[in-house]
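In what follows, chain A forms one complex with chain B and a second complex with chain C.
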Partner chain A sequence: MKTTRTILLAALLSATALSTAYAADTIKIGVDTPLSGTYAGIGQQVKWGLELATKEVNAKGGIMGRQIELIYEDSEANPAVAVQKAEKLFEVSKVDFLTGTVNSGATLAVGQVAERAKKLLATTVSFADSITGEKCSPNVFRVNAKAGQQSTALAAWLAKEKPKAKVFFLGPDYLMGRSTVSAFKEAAEKVGAKSLGEVYAPLGSKDYSQYFGQIRAAQPQVLYTSVAGNDTVRLFTQMQEFGLLKNLTLLGASGTVTSQNIAAIGKAAEGFATGVGYSTEIDNPVNKAFVAAFKAANKADPDLYGTDSYGLIYAYKAAVEKAKSTDTDKVRTALRGLTWSTPQGEKTIRAGDHQAMQTMYVVQVTNGQFKIISKVSGEDAIGPDTCTRF
Partner chain B sequence: MSEAVQYFQFVLAPQMLIGLVLGVAVILVALGLTIIFGLLDVINMSHGEFYALGAFFALALAQIGLPFWLLLLLVPLLMLPVGYIVERALIQRVFHSGDRHVRTLLLTFGLGLVMEDSYRLVFGPNPYRPETPITGGVEIFDIFLPSYRLFLIIVGAAIIAAVAFIVYRTRLGAMVRAAAFDRDMAASLGVPVQHVYAGAFAFGVALAGLAGVLLAPIYSVFPTMGRDFILMAFTVVIVGGMGSIAGVVVAGLLLSQIQAIVALYISPVWSDPVVFGIMVVMLMVRPQGLFGRLGHG
Partner chain C sequence: MVDALTRSMRASHLLLAILVAASLVVAAIGAALGDIFYLRLATEALIFGGLAISVDILLGYTGLLSLGQALYFGLGAYLSALVLMVVPSFWAAIAATTLASAVAGLIGGFIVNRVRGVYFALITFGMAQVAAKIVYNTRALGASDGLIGVPVIDINLGVTSISSGSPVGFFLFVLALIVVMYALAAYLLDTPFGRLLIALRANEARIPFLGYRTMTPRLAAYVVAAVIAGVSGALYPMLRGFVSPELMYFETSGNAVITVVTGGTGTLVGALYGSALLTLLKSVIGSFTPHHLIVIGILFMGAVIFLPKGIMGSIRPAIERMLARGEKP
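Presenting the complex of A and B:
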């Protein structure tokens, strides 16, 4: 067994060495992403998005005449594994640039590896505000929208639709649940909404009816929730059962209602609205071409992860061409303030905290499908720069 | 005074009513568990997965167009042969060994894992939800209750009464109790003990399946749903007295009421620890539970 493993490892290493020798003049981008485990579905979208953009760029002559080569490592959505794989990509595979981290903890940890290796990392998935906030790093960029941009967009829409709305909050009782509720609460109160109360139910609760008395007594116009997966199915359908959905607007986090649970929720999901950075419906020629090419290549619709990963390759291309080099310091300078075109429209990387600004969308479930009902400009959604490290 | 009445009417009573629904649901799952334990002396760790099997049977049959009301009858009937075969083919193999408890526990635990993964393979990881067969609601003393939940309380009570009647008032029940009390004596008096054992297991499993059909519209259907009620059901069986039907009913109602009322005053996250704490105290003070075992007067 041990011998087999050693031989396999040797074979793997020699294969890597071989490809390095063969492709000496390519630009190597490391992809440290979960290809197995809970987040394998996200890793799959990341891979599809990166590969489609790479194929397009390479077909048109690459970046400054050099072809892009993607080198994958499976991070298993585990920050410890992601760190090891990042070190391997920098030290053994000698990648010029790193991306693919999904879990916010992994992005923060791998960011420190990138600082030590004096290379750049860009995440296309992680939501946690701290990555481009108090834990920002000069070597880390984020091209996707952070959690704060989603809640700001949703709150702006709410303020317009129902000024001074009375809002009740229900979240799952753990870090993500509490942080999403407090982020939306802050954003909504800032634009005039009134908070009536909040309740945190254990993750995976069977029956939410025990909280309905509290909700009924508070008489909210809006319920914001950040439950996800099957918890959403139970919460929404039980609310429907108890007649609580009448005259109530349901809002939630972007993971609350997804393609995985929308069918099971059925009619109870009608009218649910959330803030997102991407929808296949976005009406511009870049997006239409992108969706068609993505579907043709992968037999699946792109989601926000696939789209943001696709956009990253073009950001890196633009930055390298502007810097006329793949040198870390020169590319960093070029990325700061960079504006480039993506399926979501033009994005600009804010120099102060390395966070991409983009138009945010509010989508609502109409006849079982998400439809775009509102847009919020990048400047309005991004919020203040809280990064103090550079 | 009127404040206390209002508090009762608008806060306490609705909460207790909701607790009653949950109590009936837990009792339905725990009934089969306690019968299997009381008679066979087997702790069925896969009971939650049989509960899920009932729900998945209902899901599959509903897809070919059968109405919900027929499924209430059909699914338990389908569960009977499944339970019978599992008992004869698997449990009997390790039943007569020295450490019966450990072996049957491991066997049923493993069976539960296999079943759960099979659901994932066949139906995928995503949740499903059958439409609630009765929509709308009723007001009882100004307290709103969805009609389907009222239906659940009534049907649940009827099932509990029927089970108690079969076990305590029929010839079949007498045979079951006799086999539980003294296997060898019952056998020598002509009770077909092997069939009684397999039959009782099948009956317990069919009850779990019936609970699966009844609860699917409220709690939805997904591969790991078996874990939902099983801890609470085990607690109810332990507190009520392992193998006692009356014990399951009393403990089920008591614990679900405690859980519902406790949730009003402390964070709902603590309602499970409170219930398990009661179980631990019960095991320390009165390990036989509130009531005695099946067939042991």
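Presenting the complex of A and C:
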């Protein structure tokens, strides 16, 4: 009896000793991401992207000889939960760096926790302009493209393709839908497009034909819409049935036509164009290797979120190696102005607002598949720095 | 002579004393170890415990199932956040939320108390969802992103002041405030008014024959519950520094009901025990598996099947018997 207890105790002690030794050597990155709930699908991509990059970095000796350890917490896509989990990662797990937040509300709230804990957060998903705009924080970075970059890229392409285009807007009637429309409208008007009018349909509308008279009367060359999911299916197919798609260019938000609804829209989606930060089509060696490795590891294609998350690990690696430390202030200084290589090409973090600049792509549906038809350079897509806090 | 209700209340008080003692031990250990996370998690458990108390007043005493108590919790949270961002004063925030949730409770009470039973549950649910959607789409309230930037405040207590950023200080302060709200609710429920509420739950049709109106006590109970939920909500942004529309969603209301049922319906103190248990479980299990909701769900089902009166509802009778023995002349 006594010996068993001694053995147990010894085992326990050595286990704790081992784990502390191990912990001291690793660089811990907290991942506060939705593993359950509405955004679990996005969380999955984030996880796959981070894990692939971590595996690659660790196989090549880690960061300054230290291995990366990812520690996950489920944010349930709820800011109230995300904040609690972020505090746990900072105070209990003692992570050096935090990422993974998906919905913009969670990123903003967790950013504040990071600021109070004197740690850094980087989002790879949230696209609300305010995160690196009027609500910017010295402790928050964003390595993915914000909403403004997507609409600027699309507007730049439109100006080149159809100068002085006459545009009509149709959005879903809720805040995100309206703000997406107004962002594109502003960007398009800035490059010379003419707005003919806008209508907002309730979310989940079954019948869009009531708006068709208005659209027909306005005689637009271009229709911009920010509806998503099954709403897009109904809108586009109904427009096709009414013959409205003739001589009309369809533009939309990045979530309007996705791999989930493109098959259901069918022929009506042909010619639809949108601005995105990533496409598996991007033709460079880094992306080709990334897509192949991602598919081999996860049996699925990487999307925007997975790719941006993958790139983040390399940004952090470059920053820590430049700073020669994981200290918050030193890493922050190193991240500012950092240029590093990602599957999307080179990205640079703008020092003034912590927003990554990257080449933006305009993709168009051709034969049921998205094809890259245009590129907009990072400098042209980023827009002015509106962060005033630092 | 002590009747059964007073005795059961005393048993609840004893259980509360145990909880407070345990909390003080936790606070002492936490302070000694310099812990931040667990103390703040415990503070959050107390805040949601306050919301659960308000559900218990309705469900456990008045017999009204509210599936929308998060409406008042969210109202308190948003109002408190807005007040604190303008005037960083605890008392201003509490005064504003008390008043606003009383008024909102009165208006809401007039709407929901027109119906009974399942319709009451549905209308409370609907009202909260409508309010949440309005907040979700109102730019001035931060819309879907919520409001960040609620400052850390110093709570002026006359002789001393406590920072809402101090883990142990704010924990003890919230503990004291929740105990005060518990005491007020317990006092009210032990008066003839409280007995009337219990009579309402037992058989509403008979109340008018005893010479009482039914609308007034129902409405009063609803307003008291709204104020307790509102004040609990007001503490949330002080702890976390932000508010978001999710605080008003059904998830928050539903969690409060689960907390009360697990802790023990109609015991008041069960709401606090339930909240402590569920908050801790969620945090611990959530770190191990993304399927934590399945675990919580199974535990809840187990609690309902094997402890239909909830944890405190199962423990309290023993304490009541003990107290009864002590009363014998």
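Here is the rule we go by: the second predicted complex is superposed on the first by the 368 of 390 C-alpha atoms of A that agree within 3 Å, B and C clash if a C-alpha of one lies under 4 Å from a C-alpha of the other, contacts with A are read in each partner's own complex, and residues count from 1 in each chain.
Following the convention adopted for this analysis, contacts are C-beta pairs under 8 Å (C-beta built on N, C-alpha and C of every residue); 3 or more make two chains touch, one makes a residue touch a chain.
No experiment lies behind these values; they were computed from the predicted model shown.
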Following the superposition defined at the top, how do chain B and chain C come out on chain A, clash or fit?
fit
Superposition-derived angle with apex at the Cα centre of chain A and sides reaching chain B and chain C, degrees in steps of 10:
70
Looking at A:Gln221, would you say it contacts chain B, chain C, both, or neither? Reply first, second, both or neither.
neither
Examine A:Gln67 and indicate which partner it touches, taking first as chain B and second as chain C; both and neither are also allowed.
neither
Regarding the shared-chain residue A:Ser182, is it in contact with chain B (first), chain C (second), both, or neither?
neither
Going by the contact rule set out at the top, does A:Lys88 touch chain B (first), chain C (second), both, or neither?
second
I'd like to know which partner A:Thr333 touches here: chain B for first, chain C for second, both or neither.
neither
Which holds for A:Asn284: it touches chain B only (first), chain C only (second), both, or neither?
neither
Looking at the overlay, does A:Glu241 come into contact with chain B only (first), chain C only (second), both, or neither?
first
After superposing the two complexes, find the smallest distance in angstrom between C-alpha atoms of chain B and C-alpha atoms of chain C.
10
Chain B to chain A touching residues, read off their complex
10-11, 14-15, 18-19, 21-22, 125-129, 131-132, 137, 144, 146, 148-149, 218-220, 222, 228-229, 260, 263, 267-269, 272
Using the touch rule from the top, collect the residues of chain C that touch chain A in their complex.
35-38, 40-41, 44, 136-137, 139, 143-146, 148-149, 152, 165, 240-242, 244-247, 251, 283, 286-287, 290-293
What part of chain A is in contact with chain C in the complex they form?
35-36, 40, 73-74, 78-80, 83-85, 87-88, 90-92, 103-105, 108-109, 111-113, 116, 128, 130, 135, 174-176
What residues on chain A touch chain B, complex-wise?
173, 199-202, 205-207, 209-213, 217, 229-230, 233-234, 237-238, 241-243, 260-261, 263-266
